[in-house]
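Okay, so here's the structure we're looking at.
The letters A, B, C and D name the chains in turn, as written, and every chain counts its residues from 1.
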C-alpha cells in the first residue's frame, strides 16, 4: 500500500464540457480529483457500484424540463447508492462554433433535445434558416465540432448549443452567450456513492427516499404523505414514477426537509417502512440553498425525547 | 408488620345495595375484601388518593344516560389515579317496597334521576297516580324505606326503584322486576388505584387517556384523532369535556384499543404528548367484552421492531 | 280572529327565579311575553312541540359542568325543534335565607347538585358545619324557603344557593353574593321553536347539528370532522352522546361556525348527509359572543359561486 | 359547401410507422380519416390548435419509461386542448433490416432512446458487437434504412428497432420480433381536440386535470388529494411536473375515476378550483380498460341529489 492517498475518482455524465462537469468542478475539494466522463447516467452510476469510481455526479432535475427519469429510476431501482451532496448550476447556453464561422454560415445547429427545447426562441429569432439536430449531449455536439474538419470525421453541423465550459474545453468560439429562453433555468445535480453512514446533520438538510406502494389502492399516496406531514416533515419534491411493471403501478420519489438523524424524520421513515411495500433511503445531505427546515410545534428532537422519557415512566409506573 | 396480609379495601359509590356494589361483587377475588360505601364518586376516589382504600369502584358510563361527568372529570383533573379493570352490569331495576305495601298504596316513588329517566314508561303505565321523587342514589331511596317507619325517620315515599341487590340488602319486597324501558341497558364501571406499573397486556386491552388541546384551534381535535388513527389505534369512545375554564375550552376523554406496552399505542401516546398541551394516561386494562383489537397492516409490534432495526441500520450505514 | 296579537309564550326551565328565567329576561322583546315555568327541560320542550308555547328557553352548556345531557338528547332524538337564539348568563350564586337568618343559623343549605359542585370552596370555608342538601333546582331550593315556616311545609334547610333573581322573586335575604368558586363561570342557554325557515345570516352565526354515525367504524368521527374542515367550516363544540342503544353507539352533537345559507356550510351539511346514517339540523343563529367566523382561503360564497359557474362552463363545453 | 363531408384529419406523432400511427389505426372509424404525421408532439398538437387538424394522437405514458413530459406539459400549459379518447398499444419491438441483411452484418442499430432502454437485454445478448445509435423516433430509424443505399442518403446503421408497423410501411425485413425486455410493456395514447362539450358518461370514464398549487406550501398536495378522496373520487395517476418557473414550483397532472358529469367529480373539481391557484380540465373520456369506477358509500349521483334536496328543504324551512 502506498503512503500517498489515491486521489478520489469522480464519474460524471460526460463528455468533457457538460453542465455536469461544471457541477463537479463547483464541488469544494475536487481540484485534484480524477474526473471520469461517462457516456450515460447509468454508466456513471455503475462506475461507482463496481468500485471503478468513488463518486458519481449526475443531473437529477431541471427547473424547466423536470426530473431526469433515468437518474430517478437508477436510484430507485438499481443497485443501491446514496446521495452525499446536491448542487445547482445555472443553465446558461452558448452558441459555439469553430473559430471563423459566422452566424450566417450556420445551416445546422446541434444540441441535446432538452437544450433545443430551452433555446427555441433564440434560435427562431437568430437562426431562422437553421435546422436543429439532436445530439446525445450538448458537449457531444460541441466535441464533434472540435474533431473536424481535420479530425476523425466531418461534423454534420456548423454550430453547437452547449455549456460555456464546452467552449473552453473544445477551444471553440462563442458566437452568443446566455441564449436560453428562461434565464432563471437551473439544473440540480447530485453526488452519489456506495451506501454508508450519512454525514452528520448540518441543520439545513434534505432527505431523499423512494416509497413503493403496498398495493394499488387509491388512498396509498394520501397515506404516504400523512406519514410525513403527521410528524411535521415537509416535502420539497414528490414525483410518481412507474415501477416498470404495469400502467398505474407507481413508486414515489420524495425529497423531504431534515436529516435521518432527526427524530421526526426517523419516525416518519419507520412509519413509511411499515405502511409501504418497500422504502429505499437515498441519503440525507445539506440542501443546495442552505434553507433550514420549517419546524412545527411538537416536532423538535427535544420534544421527541421528552415524549420518549414520559412513555418510559408510564410503562414503568414510575 | 403482621404476617397476615391485610384484606384489600375497596371504596365504592354507596350506599350498600347500589349497582356499583353489584359491580364490585362481580370482581373476582373480592370475596374477602373490605367494602367501603362512599357518599359520592369524589369521596370514593379520595379514599384511594389518601390511602384509606386500595381501590375504588365507580360508574363511568351508562348505555342510556351517557358518561358520568364527575367520574370523567375527577380522573381527568383530580389527583392522578389509574384504571386497573372495567366491568359492566346490566341495569335491571326493581320496584321495592316495605313488606306489605301494594302497588295501589304507592303515592310517591323515589329513585335517582337517571333511574327515573330509564323507568319512565313503566311508571307511567303502572303507577300513573304516583309522584316521582329524586333521591341521591337508587340505594338511598331503598335505604330510606328500610329505616322507617320504625327507623330514625319516616321516609317520604312508599316505594323505591333500585338495583335488585338493594332489595336484598335492605330486606325489602320486590313488587316488580326488570322495569327499565331499555332491557339492554348496562352501566360500565371502573376499578382504580394509585398510579403504578400497568398490568401486562392480555391481548384484549383498552387504554384510557385524556388529551388537553394546546390551544383552542379548530383543527385540534382532528390532529388528536390523526395521532391515533395514523398508527392504527382505534378509538372506542371519545368524549369532549369542558376544562372548567371557559366555554369552548375542552379536553378529550378517550378510550382506545390496545395496551400501552403495544408499540403502536406507545407511539400514538408520544405523538399526543408532543401535540397536546397535556396528556394524562389513565391506564391500560383488559376490556370487559374480551374483544381483541383490530390490527391494521403495518402496525404489529413485529413491524414496529423491524422498522426500528431498519432505521438503526440506515443511521449506522451498515 | 282578534286584532290584538296574542303575546308570545315562552316555556322555560323553572321554577321562577332560575338562571334560565334570567336568560329569558335578557332576550330583547320579551317584556310582554308570557312566561311558563316548567318542571324539567323535557316539559319545557314538549310545551313547544304541542303548541302550548311558541318558544322554550333551556340551558345547554355550562362552562364548569359541561353540557346539559337532557337538552342535547331531547334536541338530538326527541320530536324535532330548532334553535333560534343563544345567550349566556354569568353563573353568579347568592346565599339566600329567610329574612332574619344569620350565617351561624345555617345547618343545612340546599341547592342543585351542579351549584353545590360550583360553590364547594366557599361553603367549606364559610359554612363548614352545614350539610349540603340536593334540590331539584336552585330556584326550588329558594322557593322552599319562601314557602315556610308559614307556608305549606317546613323547608328542611335554612339557606339556599341560587341565582340573584331567585332572591328577588322569593323575597329572600342575600347573605352573600358571588360565592361561586369560578367567577368566570357562565351557562349557555338556547331558545328553540318548532322547525321553520332559519333567520337570515347575520354574518356572525353558528349552526348546530347532530350527526349519527353510519356504523360503529373507528374512522367515522374523523370522516365527520373532515366533511366540515375540508370546506373550511370550523367547529366550536363537539360532544359525543350515546344514542341509548348500546355502549359505543354514539352520535355527535356539533356546533360549527357559519350559517346554513353559507355555501361552505351547505356543502358540508350535504357531505355529512351523504356519509352519516342521519344528520339532524338544529338551526343557524347569531352567536352569543358576536364573533365572525374564521374564513379560510377558497371558502367564501363568491369563491363557491365562481367554482359553480366554472363547472357549468366546463360541462357545457362553453 | 359540399354535400360530401370532409374526412376527419388526424395529426399524429410521425413519421409513418410509429407506435402512434398504430394507436391511431386502432381507433374505430378512422379508416377513411386523413392522417398527418408530425415531427414532434408539439407540432401535432399545434395542428389541432390552428385548425389544421381535427384531432391529434400523441403518446402520454409508457408502462416502463413513465409519462411523456412534452405531452403532459403541452396539455398543462399550452393553448388548451381536451382529451376525447385514450387507448393503449403493446410495445412490441422488431429488429428491422434491409432485405438481405443478416444479424452478423449489423454493426450499428438505431432506435429512439426509450426503445433502446427497453431492448437493452436482447441487444446485449444478440448484438453484443453492435453500437446503439439514437434516432429521433423508432420509425425514423426504420425510414432511414428504407431510404438507402439507393435513397437520398446512406443510413449510418444497418438495423432499426421499431414497431412492426414500421417494417410493413418501409418494406423492411423482420429479423426478430418481440425483442422488448418487458413483454407486458404498453404505451398509452390520447386523442385530443379543441375544447368542447365532453361526450356523455359511459359509466367507465376517467377525468384528466392539472392542478396548480396556490403557493409553495408543504401541505398543498395533501389538500389537493383530499379534495378528491373526500368526495370518493379515486386517482389512477398523479404526476408532479415543474411549472418551468423555479425548482420546487410544481403542478400536478392527475387522472381520476369518473366523468365531469358525475356529481362527486363535479364537486371535487369545484373544490380544487377553490383551493388551487388554477385548475385546468383536460377532459372526461372512456377508460381504455373499461373498468367501472369504485363507488364509495354516500357518493352516488342519487345520494348527492338527495342531499341537495334535503338542504333546500332545510333552507326553506319546509
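As a convention for this text, a residue touches a chain if its C-beta (ideal position, glycine included) is under 8 Å from a C-beta of that chain, and two chains touch if they have at least 3 such contacts.
Computed from a predicted model, the values in this text were never measured in an experiment.
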Inquiry  = Among A-D, A-B or C-D, where does the B-C interface recur, judging by over half of the contact pairs matching in residue number?
reply    = A-D
Key: Mean-CA-position distance for chain C and chain A (Å)   = 62
Chain D: positions in contact with at least two other chains = 226
Inquiry  = Chains as vertices, touching pairs as edges: which of line, ring, star, complete or other describes this one?
reply    = ring
Remark   = So the touching chain pairs work out to A-B, A-D, B-C, C-D
Inquiry  = Could you list, by residue number, the parts of chain D that touch chain C in their complex?
reply    = 195-198, 214, 226-227, 230-231, 260-261, 266-267, 269-271, 273-275, 281, 297-299, 303-304, 306-308, 310-311, 314-318
Remark   = Per the touch rule above, chain C residues touching chain B in the complex are 61-66, 69-70, 73, 88, 117, 134, 136, 182, 184, 186, 188, 218-219, 221-222, 225-226, 229, 234-242, 244-250, 294
